[in-house]
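Below are two complexes that have chain A in common, paired first with chain B and then with chain C.
This part shows the complex of A and B:
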């Protein structure tokens, strides 16, 4: 267990030792800050405008999904591809760790950074839930906030797992990022290419779209305080499947 | 090479499957039958080829790996395949077996769950089968005819929000397993007509329903039936509250113009669900009782017809049937007035029959003349002609040859010219068309049965039988100055007609009286004013509803009366009367009942929602009151009240010697003069005492039908008690009711055994003391709201009255402009800048090392 923890620590600190982490963090916070700006404007509007669910306004913007789409590939592209490119992967595999421990350690480190990425956004919450410091009560329903963060954590876990798997397949970080970007796009494309409003929600096309489309899960469910097991199972199963494939991908090196 | 070709075939199959899939997606709905199979074949064949090639490649790969690497390689492949199967299987299972948790504070998305909805409705929803089409029709008109002005920002925002809410609710309903198809028709969309035509193919009545919809509506469609729900019946915009929202916030916020919100009054999901569950339910039928076809809903004279009432009721989902109570025959002094009961169709039948008869006579006249002409022009001798003419005319005719020539010339000029021939042809065509209409009507069961039935009571009972609500419309006093009045005697019902209405009430069915004052000008010799109310009013008095034989006049009418003294007909219709008030909905009720009148509350709410006062004015209304020991009103009975600047008048008609005016009471004198005694009010101390307003002119109560209507023995017992009481009148109540304090009906009822049909029923009744507020070709928006709300309440459709139990509004955060600026910029730029700086410091430190 200790070597695994060491590996997690190493991988996690590695993020902060390279400029990429700060660039990603800064860009991410710039975009979410802008979305917070817009959401706050809705919450302080005059007249018949506003946001019924502040988290929906916050996470329902296509700019958010554009940035979100790039983050997992950026975080995962180097995990195995860099090691493979620089030839340190063999060294890593000789460490007293099983393949699954290597994969899990890298994945957890990456996921930890992803969590760190989101931590500053907790600063927005006093406004988004209209927190009263005297009574310690939220004036706006806080439940959609935690369901949104739950959704973000699980969706992030899925996208990171996809990125990790792709990274385990190729040598070039750039190629890894591009491939995982394309794969992630399958789950996010609806944000940029929304279905026509007249599309019947009972139709097969919409149902399929609803099953795969992460932005739709957020706009309809997580940001409105809804938790649906279908989404949770999709995220968890794809994440586990990709982690399994990554382990198997590492294993192939042994018998190649 | 072979491998390459094989893979190429596989790719071609994949391409074909993709094209087929796209073709399927792109198919227009009406072409499905023709093209669906073709595209499906392409997809299946292409997909099958691709799968075959993929399977082959997989097997080849496995063989290769097993051969070249090791058994472990095959195991990995197998594991991967199993993992894929597991991934698909788990997700497929989750699609059909999923759970949803609604974590919102208000359980916003669980409104159709049995906990919130009630087990009954939830069970009915579970039973729902087949597909329901929900058409959301946006004509960008929120308050029907209230909104003549273009919609403002609040209306537009409310429109959008309601559409969202409807879609959310439908999504919730899908969880019950039923299929819902939602179609949005927006008049502002370019393809609105096309989409409407498309839907009209499936639902032929949709076009008609859309055209009649007074406001943004939701239609629930099946091929045979359509139910409408106004947007405001689901979420009603409260414009007043929307505009005033946040006014009580901090001064700093007001300085920032931080006011206003979108406030919607949540009407609950029940009205929506009831429409879904009862798409095929028949519309409630309202019978409108009038005395003359001119006063019915298809009457020819604009100001007397109730066509506006029919339109308003039909637009709001009711069916209307006229019931006419009198047959007027002849004219002037020969006019006879016969008690009757017939429907509009029968009236139309009579009218058509009369027209056809008249036309046939006209045609026969001309044809007779033509026949005569033929005889005269024939080659027969003069004697023969004279003989035939004598036979036809029934008297001896002797015509000379010159006379014959002259007659021919005269008749030729009369019937053989082009105009006469054209006219004759037109008459014949019209006669044929009218005969066709007559035949159509004559095969209608209602008409034939009605004409066959001669017993008025039975006939009336038959007409009332399938009416769910009865409106008795009695237009009387229209203008006292010019004496524009339909005398009460014309409206008075026969005993058998009243008996039929009594039976209707006995069955617990509701009645709405719209009856004007009974005062008639004193100098109409033929039609003297009735000294007492008629038996219909007596019938309602038994239910506790008393109509005063008075008219309410307003202070502002004094001037008009004064003008009429100096100019003939001067001042007629010119007085600006104040609008009526609705009873307070905040619990301050006159009757002491805890609950406000539901109609008054609904009207006040509508007024608040529209953002303007409901301008409901009634000239010459009639005061009324509710008094009953039998069933004390559970809600405040009054819902329409005049302004205090009014008084009750026994004789509202001005004459040379007298102008109606309110005489202030003089201070009490020890010895009243003879004049004072003469002017003393005989009704002093009773509810009919002359006084200043306000007066109740609209009542709506739920009461119990008297037990003596079902059991004559109770009537006798009451009479005995009355005799014993020595004609005392406890509590100032009318004797018939007051005597029940000695012999309570409940005790009597408890001691007798009777089936439901012969037991008292709870019945809803309403009355408005004026008849012509519902007349005309168009009802004012306020009148339309009043009539629709009253009808819904009478029909126990309380869920259709606007409610303000729950409000919805956008959440707001109150921050001073300074705080807003700090939050905005610190989060938008401050945080990224901090991270950038930290990053730079870390990099610099690393470089230093």
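This part shows the complex of A and C:
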């Protein structure tokens, strides 16, 4: 157990030793800042316009997801690909650590960084929920906020796991990033290629699309305070499956 | 201490190691020689637990490397040929990290760290980034890493590759000293090194062991081993060609 903690700590610190992390942090803050500005604008517009759910403007927006999709590949590309390229994977795999411990440690470190990425957005919350500092109560229903963050945590977990798996397959970080990006696009493509309006909502095609389309999950459910466990199960099972595949991928390395 | 029996490793169709068997008794320093591509690194990687053999058994300190990998790795200090390190970490950070991975914590870690830094002549560069170190220093960091958890067995793949003559001499002396407390299996191209530090020599060629015998101190005429090496590995080539 403790060897795993050592590895988690080193992997997490390693993020801050490379410029990529800072670039990702900066770009992310820019994007979320801009979205916050747009949300505030729509919320404070006079007249009969506005948004019913602030988080929806924030996270239901498909452009947010397009930009966001670049982030897990950038965070996960170096995890295994760099180690394979520089030969340090040999040192990790000859340490008294099981393969699943190595995979889990890298994954947890990466997820911890993802959490750090989202932490500054907590600053927006008091404004978004019209937090009253005197009564310490939210002016509007705060539940959509919690459900949105829950969805973000698990959706992020899924994308990061996909990126981790791809990183364990290739030697080049660039290739790892690109392939994970393409794979993650599968979960977002619906938002940019909306199904024709005459498509019956009850039809199989629509239901399959809805099942996989992450922006739809957010704009329909998470940002409105609804927790649809189907979505959570999708995220969790894809993440676990990718982690399993990553462990297997490491194991095959020993047989080659 | 190290027991290898009928070890075979295929990379696809290519047999890198074919039916290799040898023993390394406790406390000995054994030199593993062979031409390039003979299967030295492959054998060492299998011993260290990085690769899995296609067939055969390997046991270290009585534990099977395949069935008990984690326990075996706790008892081994491995230094691969290319000596891979993380260039963005500092020397002592890296060694602390490796110690943590190998289950050494707290005050024991601090004392082992000081010990290996001293033993491998790294005290001056402990706060330096690994990326800024020269090859010789990096090899020393690799060696320090192999030593940090007090392993019973040291497996060193070309520990003096790329070092200048003075560094080679120092490292050779260090290995001789280490040989008194640990069991060492080292591979090298430098025959004089084997003559001077090893108790036994194993020559491997084209995946098979062709020589396995003890070396008496100050073995014969310097260069005799080289003659033997060239002759034996030449012979094996002849047999294979035919």
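The rule is simple: the second predicted complex is superposed on the first by the 253 of 256 C-alpha atoms of A that agree within 3 Å, B and C clash if a C-alpha of one lies under 4 Å from a C-alpha of the other, contacts with A are read in each partner's own complex, and residues count from 1 in each chain.
As a convention for this text, a contact is a pair of C-beta atoms (placed from the backbone, for glycine too) under 8 Å apart; a residue touches a chain by one contact, two chains touch by 3 or more.
These numbers come from a predicted model, not from an experiment.
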Residue contacts on chain A - larger count, chain B or chain C: B
Partner chain(s) touched by A:144 [first = chain B, second = chain C, both, neither]: first
Touching partner for A:244 - first (chain B), second (chain C), both, neither: first
Touching partner for A:224 - first (chain B), second (chain C), both, neither: first
Partner chain(s) touched by A:3 [first = chain B, second = chain C, both, neither]: second
Partner chain(s) touched by A:17 [first = chain B, second = chain C, both, neither]: both
Touching both chain B and chain C, residues of chain A: 17, 255-256
Touching residues on chain A, where the partner in the complex is chain C: 2-3, 5-7, 10, 14, 17-18, 86-88, 90-98, 254-256
Contact set on chain A toward chain B in their complex: 16-17, 19, 21-23, 25-27, 29-30, 33-34, 36-37, 40, 42-52, 54, 120, 123-124, 127, 130, 139-141, 143-144, 146-147, 197-198, 200-202, 205, 211, 221, 224-230, 233-234, 237-238, 241, 244-245, 248, 251-252, 255-256
Residue ranges of chain C touching chain A (in the complex, touch as defined): 11, 45, 48-52, 69-71, 73-74, 76, 78, 80, 82, 84-86, 88-89, 97-98, 100-103, 105, 145
Chain A partner contacts - residues on chain B that touch it in the complex: 25, 69-70, 72-73, 76, 79-80, 83-84, 86-87, 90-91, 94-95, 98-106, 108-109, 153-154, 156-158, 161, 167, 170-171, 174, 179-184, 195, 242, 246, 256-262, 809-815, 820, 823-824, 827-833, 835-836, 838-840, 842-843, 846
